[in-house]
Each structure stands twice: as C-alpha cells, then as structure tokens.
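As written, the chain order gives the labels A, B and C, with residue 1 at the start of each chain.
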Amino acid sequence: MKKIALGLSTVALALAAANSQAGEVEVLHWWTSGSEATAINVLKKEMEDAGNTWKDFAVAGGGGESAMTVLKSRAIAGNPPAAAQIKGPTIQEWGDLGFLANIDDVAKAGHWDQILPPVVSKVMKYDGHYVAAPVNVHRVNWLWANPDVFRKAGASIPTTWDQFFVAADKIKKAGFTPLAHGGQAWQDATLFEAIALSEGTDFYKAAFIDLDDDAIKGPKMIDALTTFKKMRQYVDPGFSGRDWNVATSMVINGKAAMQVMGDWAKGEFTSAGKKPGIDYICVPAPGTSGQYTFNIDSMAMFQVDSEDTQKAQKDLARLILEPTFQEAFNLAKGSIPVRLGMPRDKFDTCADSSMDAFNAASASGDLLPSMAHGMSVNSMVQGAMFDVITNFFNTEDMTAEQAADKLSRAVKASL
Amino acid sequence: MKTNIANSGSEKTQSGRPARFNLADWMPKIVLAPTMLIAIFCIYGYMIWSAVLSFTNSRMLPSYKFVGWDQYERLFNNDRWIVALTNLGIFGSLFILICLFLGIMLAIFLDQKIRTEGALRTIYLYPMAISFIVTGTAWKWLLNPTNGIQKLMIDMGFENFKFDWLTNPDMVVYCLVIAAVWQASGFVMALFLAGLRGVDGDLIKAAHLDGASTFTTYRRIILPSLKPVFFSALVILSHIAIKSFDLVQALTNGGPGYASDLPANFMYTYTFTRSQIGMGSASAMVMLGCILAILVPYLYSELRGNKNEK
Amino acid sequence: MKNNSTARNTSGVTKLLRIALYSVLLIMAFFYLMPLIIMLLTSLKDAEEVRNGTLLSLPGSLNFDSWSKAWSGACTGSTCTGISPYFLNSFKIVIPAVAISTLLGAINGYVISLWKFRGSNLFFAALLLGCFIPFQVVLLPMAQTLGWLGIASSTTGLIFVHVVYGVAFTTLFFRNFYQSIPGELVKAARLDGAGFFTIFYRIILPVSTPIIVVTVIWQFTQIWNDFLFGVAFSGFDSQPVTVALNNLVNTSFGGKEYNVDMAAAIIAALPTIVVYVFAGKYFVRGLTAGAVKG
C-alpha cells in the first residue's frame, strides 16, 4: 500500500510537472444541465478574469458515478484534475489516500470558519485542514405539490404521513397519480429517508449516522419501512427507472399531485415558468417540518505540483465562496448559499423558507446529513442500504421485518 | 470472432527449414513480439493483478492487505450478486437460443431469392452497428408501460393489452433479452447467411434429384454442414452475454430494485461506485471463471481439430 | 453459389408461402427498425409535440432545429459546442486505432497460420482468451499503465487501449481467413527466395481484401461505440462522441430536450450506420470468403 502510494505520488509529481502550464485548472464535475451550466459559467468567467485558464471536464450521469470512475482512473494514472466535485465522507476517503491539497490559507483569508456553518465546514476539512470548498446546500426533505390537483380531488396538503395517505386516497379516486416517483435506487432512498426522518431526529442519527444496529432493526425502522412500502400503491405503473425530473414534470403538468424530492426539483418548476406558492407548493416532507436533511455539493482540491496551478486552485476555492458566485449558482440550482448572512432579496419563497429552516434546524440540532445523497455514510454503506431499500420497495412479498433484518446484515457486511 | 474458427485445416508443417541462424526464421517471432507483450502484460498481467486484489481488502484504491477468501465469502453471501448470477443464467441462455433461432430463420428466409435482400439484410444487421448508449432512451420508451408499446396498443383499441415487463422485477430480465436479441440476432443472421452461401450447390442439387423436400434438404444436409458456423455463433453470443454492460446501464440501470443486474454491472458498481475493489475483483474472477469454462473446451477442440482433420 | 430450393411447380401453394415469407421478413424488419424510427420521429418534432404526442405520432412539420442544436449548440457543462468537436475526437481515435490494430492483426494472423512455430497455437489460444476479458476489469490497471507511459487522458492513450484490446479480435479474423490459404504457396515463394515481408505484401495482402473489410468494419464499430474506455481514459479535450452523447442525454438537472437528445444520438450513430449500409454487402461477402466453410 505504502509502496504503491509512493509510486503514485512520484508519478503524479512527475506528470503534473510535465503537463501543467500557467494557471490552468482542470475541473471535473457533473453539472451538465442548462441551469447548472449557466451557474458554472459564472465561475468560469470569474476564473478567467483572475487570469486563469479553465479546463472544463464534465462527465454526466447517475449522480456522478461516471465522474467517480474518471476520477479514480485519473488518480491511479497519476494525474488527477486540479479540482473535482466530490462530497461528504468521500472527501475523507480521498484525504486518507493523501490526494487532497491543503487550502487553509484561502480559508483563513476568507474567514471560512466564520461564514460557514460548523456542520458544513466540518465536512470540508480533512484532519483539521480545509481541503474542499462548499458550493451550496440542498434541503432533501421537501414535498412538492400541485395545488390544482389537490383542489380537484378535494384533498389538503398533508403535514403527517397519516394525512398523506388520506389525501392520496382522495387523489387516486379523482383519477390522478398521488405520488410522482422514479424507481431508481437513490430516489427510493430519498423517499424512504424522508419517512424515516419523521420517526425522529434521534432515530435518524442512530440508524443512518451512527449505524446503531438496535435502531436499524428496531420498531421505528420497521414502522418507517411499513409506511414506505405503502407508497407503492400510490405510484403509477410506469415509475420504474424513471428519471426524477420526468417525475417532477408529472407534478408540473397536473398528472400527479406530489413528489418527495430535494430542492433541485425547483429548477424544473422554474424552467416550466411556474411560480412558487401559486402554481406549485413547497413544504417540508410530512412529519419533518422542523428537521433538515442536507446535501452539500463541494469542490475538492487535488495536490498538483505546478505553482501556477496551485495558485489557480486557490483562486477557484476563493471564488466559490464569493457572494456573486454563491448567489448566481444557487439561484439557478434551487439550493441555498452555503455562506451565512447572504442577502435574500433575489431568492424565492421556497429558498427563503429553506434558509430559515436551515438556521432553525442548526440551532435545535435537527440539521442532519442525508443518507440518500452520500452525506452521512460512505459509499459502501450507502450502497448496501440502497440495495435493501430499493429491493424491498420492489418485492411484493417481503415484509418490513425481513427488510429491517436484511438492512442490518447488509450494513454489518459493508463495515 | 465472426468468422468460423473451426476450419478444415490444411496442413501447414514447415519441413526442411535450414538449420543455420537466419533473420527470416526469426522474423515471425519478432513480428509477433509486440502483440505477445501486450497479451502477457495487459491481459494476463491484469488478470493476475485482479486475482491478487480479490484476496485483499482493497476499497477505494488498491491496497495489499490480504484477507484470504473473505471477499469471495462476502460475495456469495450478497443477495445482489446471486440475483446477478441468476439473471446471467436466464438472460444468457434465452438470448443465445433466441438469437440462434431468429438468426437461422432469417438467414434461410433471406436465402430464398428475396428481391429486396440487400435492404432487408442491412436493416437486420444495423443494430449491431449502434451501441445502447445511442438507442437506450428509445428502448426505455418502447418498453415503458405508460408511454411505450402498451400505450400504443391501448390507443389502438386493445384495451386490455398489458406489457409492463420493464417495471416488473420478475419479468424485467426478459426486457433485457428483447433488446439484446434486437441487437445481436441480425449479426447471427449474417453469419448463417454467409454460411449458407458457402454450402456446396452440387450437394443440394443432388438432394433435390433424390426427391428431398426443401425442408428435408435444410434439416438433413445444409444445417448439419453449418456446424462450424453454429459454434462460432455460440461462442460470440455467450461472449456478448457475459460482457453485457451497456445494455443494463442504458435500459434499466439494474432496476427495478436490482432485479436486472448482471455480473458486469455488479462488478463495475462495486469497484467504482461503492469503493469495494476487493469484492469487485472477486466478482471479476468469478466472471473470468465462467468465461474459461466456455472457452477452454472450445479452444481445445478448435486447436486439436486443426491437427487431426475432423 | 446460391442454393435455390424453392420448387416452382406447385404454384398456388408456393405463392402463398412466398407471401407468408415476405410478411415474416417485413414484420421482422419493422421490429429492427422501430427504435430508429422513434428516434428519427422524435428528433424532428418540437418540444411541445414531444411532450404531447405519442411515440409514433408524426411531427407536424419537418423541423431540423434540434439537429443543428445537437450538432453545434447544445451545452454540456460550461461548453456549448454541441457534439461536433467530440465527433472529431472520435475520428482522431478511431482511424489510427483501426489502422494499427488491423495491420497488427493481419501480420499476426499471417504468422500464426502460415509461419507456424512451436507454441504459435498456444499463443493464439492465449490471445483469444483476451477477447473475452471483461473490460471493466482492466480499467484500473490500465489507468496505471497509461500513467507510467505518460499517455493518460490523451488521444494517444485511448488509441493505445483500443489497439491493445482490439488486436486479439483482428488476429482472430485474419488467422481464420489465412487458414484457407495453402501453405504450399508460401513454401514455393520461399524457395523462389522471397522473404517474410515480400510474401506478405506480394502474395497474402492482395487476396486479403474481404477479410480486411470485415475487420475494419468490426473494429470501426467497436471503437466508435466504446463508452467505457472513452469515459475512463479521456481528458477534458479528448472525450469521444459517446461520452459527449451521454453527457447530453444524462443531464441530471433542468428540462429534458428529448428531440435534441435523439438528434444527437442519431448523429453519433451516423458513421457506423453509414458503414453498415454501404459496406454491409461486403461484410457478408467477407464473412463468406473468410473461412465460413463447412
């Protein structure tokens, strides 16, 4: 291990020295859609204004799966990109392998410790040093609803899961799809996570952060799984494999009433010309109004040898936290700025309430990392949970008890 | 891979080679050297490397802490892997059988002096030219019950028509079969068509003179003579089946749940997405084992067959 | 050597049979064409028609906007160049990779079939196994190798990878083809004083056209369609068209423009389709000539 690491880093150094020219940063990311591209262009332009060359390395697909393959391949080949979009515990894994660059000086100059909420800055640090720059905060536990459909069905927007099922029955009877959902592992997990969250912050922490076996097998988990399985009756037959944004468009055009999805869904509503509070409604997922599961995107900086690239890297880290970029990016993406105390006048009501909820949850200790989005556990545990959750949702004859048992075994096997 | 591998071997012994050193004698080996190096390093070297990793606890990047057979044990305790292997069994056998059946049928039909043969042949063959990266979305639409074939049929008046395999965990693997057959059967057709064109015409004439019907001629004379083509097709198809990756990635991404996972996708997911290189390598070793089980008997008969005229 | 076994004397039944035959063939043709038809129809619709129409509904008017957008305007990441630059990248990778692997395969096949030496069969068997190695397995070690060679994340690196994993197939093709060339031919030429390469150029290569066509078509298709190597080993400026297409189609946020996606997909597939349409005849002919003999 040591030998190979040594070999890798020598190669890395040699290559970096050979390849880099003045102030180039190659940025590996999976922000490829229209609105994200607009946002990333802001950053690109600012980088170029600062005299650096931006080499855009976008690899789309599956929440960055392909991008991670590229990153590993590049790291092993000894020429990682200067910056890469990685997040959560994965940052720690890359840190363990010794690939990440220390950007403490940028953080110090920019007072990151003051402007970032502690829960965010903790994720960005490896071994006490900043190695990544946070871009935005997504709230995951949102419920998106089409008020028109609710009106037609005579139902009201639910605030608990019990109410949810009452409303869903009415909506179903009225001929609409109650829940717009896409049957992909991460979407199943997103929905399940919101349900589990309603079982309480302590339970969520025990089960999805501390991976406490008693919680994973316990009655609350079984309860959450039972509720989750019930959702199966309220999705339409074509849900399997559907992309989340296609599900969102079902809500937009009134085929479906609700969707449980993170706030990136807002971009879909916005680009369809819909207004929050009028054409669509954003409320916390039932039973989770005081809680906040977050998903933070970040740019990790990789060790590079060329001084010019190092400088460019630092420029990049600095610019990411600048208010201009924070505002432009998050307006486009539907998330909220990671910086505290940003002016809110350009943000809509959903973002506004997300900011309030963020602060409130942060104060009350209900600010929690999202399991479904790789913020609370590493990719292996997350994958093991995904497997059980999605399999349970799609297997008719599996009971909640069996699923909880499988979950416990899967998590143990992946530790 | 396409051409028939089992050949009527013409004897190629090189007797009477001069004994003294001579560059020309070494030329063949020199020429083969680059390929040999590539094979030793990039095929066998990597295989051995993977084998070694499958006995380590490598996670995100390779490490060399050995843990014995642990990874294999975990692998076969993993529900998802069992599903992937079972799927490969179902998918592989159906895919191969249907492709062979369709391929032979279409080849025979096309061989009946069809006026538009050229165009039809191209139509049957073109799916082989396109990857599922390209056709994946179209296939997803077609197979999806809410906007695909099912909807089309219902719109046409068949109210009770149901085709929801893509969303049914028990049936989704058959969707993979449909799409895979679509891609590869035309190619099998081309192989057999080529084979049919190579059959000795006198043989057929003789059969006809003896009063054999078309059907009998095919069954008794033509098809048996295509045995080598048959074997090539079989090897090619099993190779496609075991390597199937894009197909699943584009069509179902393993879903619903992980009901349509195949070993190649499992291996990729564990190695790259889940940072379990050790377990991923173990699954790769099992896949290689399957491949060897198919290939070694074939190679043996193939290379033997060359020496002793079949 | 067409075998025509349809008897023409019982004309009534024959006619019926012919009709049945043609119907089966046409139905199958429709099955094979369906995905392409859907892609084509969708690419010609505008966004509104895509959203409201069914799969096979015809576009209201011919609308090539999405084609031009896919070619030169669609955005992935911060670059809005469509897929045209990646299209060129693909050619930069495919042409050298096909040429080198075909040439290597031809020479290897020539040696293995006509200049046998001790162990050449074993070598061939070993190489053949290489065709079957799942490519996911080699990603990591290959990445490291490319790093050592200093050609990681470059077009050269991708060419190298495709040659490495293509040469087994090309060797196989040529070997099978050359098996049918009588060894006496080489022997006689050697007695006349011709050397290794002279025999290859003068005698073997001129008769190899059918198998060269098959090999080139096969390699072209394989390499053009490759996604896995393309995504894992390309740099930001050497991504092939399949990767660009995937970027375009798999955008995770923002509205989906299916018509543009479909147009891009067709453009990305166009070179291989063209090759099959125009060279398909030679492909089957090559297969016939290439030792598919009983």
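We take it that a residue touches a chain if its C-beta (ideal position, glycine included) is under 8 Å from a C-beta of that chain, and two chains touch if they have at least 3 such contacts.
The model shown is predicted, which means the values in this text are computed figures rather than measured ones.
Visitor: Check every other chain and keep only those touching both chain B and chain C; list them.
Guide: A
Visitor: Considering only C-beta pairs in contact, identify the chain pair with the most of them.
Guide: The chain pair sharing the largest number of C-beta contacts is B-C.
Visitor: Report the inter-chain centroid distance for chain B and chain C in whole angstrom, where each centroid is the mean of the CA atoms.
Guide: Roughly 15 Å, centre to centre.
Visitor: For chain A and chain B, let me know how many angstrom lie between their CA-based centres, rounded off.
Guide: Centre separation, chain A to chain B: 38 Å.
Visitor: I need the residues of chain A touching at least two other chains; which ones are they?
Guide: As it turns out, chain A has residues touching two or more other chains at 62, 69, 72, 76.
Visitor: Two-or-more-chain contact residues of chain C, please, as numbers and ranges.
Guide: Each of 139-140, 246, 249 in chain C touches at least two other chains.
Visitor: Can you pull out the residues of chain B that are in contact with at least two other chains?
Guide: 62, 147, 272
Visitor: What residues of chain B sit close enough to touch chain A in their complex?
Guide: Residues in contact with chain A: 59-65, 74, 77-80, 140, 144-147, 164, 166-167, 169, 172, 251-259, 269-270, 272-276.
Visitor: Name, in rising order, each residue of chain A that touches chain B in their complex.
Guide: So the residues of chain A touching chain B come out as 1, 4, 62, 65, 68-69, 72, 75-76, 93-94, 97, 183-185, 236-242, 378-380, 382-383, 387, 390-395, 406, 413-414.
Visitor: Going by the contact rule set out above, which residues of chain A touch chain C in the complex?
Guide: Touch residues, chain A against chain C: 11, 15, 18, 26, 29-37, 40-41, 44, 54-63, 66, 69-70, 72-74, 76-79, 81, 243, 245-246, 249, 253, 264, 267-268, 271-272, 333.
Visitor: Note which residues of chain B are touching chain C in the complex, please.
Guide: Checking each residue of chain B against chain C gives 1-5, 7-14, 24, 27-29, 31-32, 34-36, 38-39, 41-47, 49-50, 62, 102, 106, 109-114, 118, 120-131, 133-139, 141-142, 147-148, 151-152, 155, 182, 186, 190-191, 193-201, 204, 208, 214, 217-218, 222, 225-229, 232, 239, 242-243, 245-246, 264, 267-268, 271-272, 277, 281, 284, 287-288, 291-292, 295, 299, 303, 306.
Visitor: Considering only the defined contacts, which chain C positions touch chain A in the complex?
Guide: By the definition above, chain C touches chain A via 51, 75-80, 139-140, 143-144, 146-148, 150, 152-153, 231-233, 235-237, 243, 246-256.
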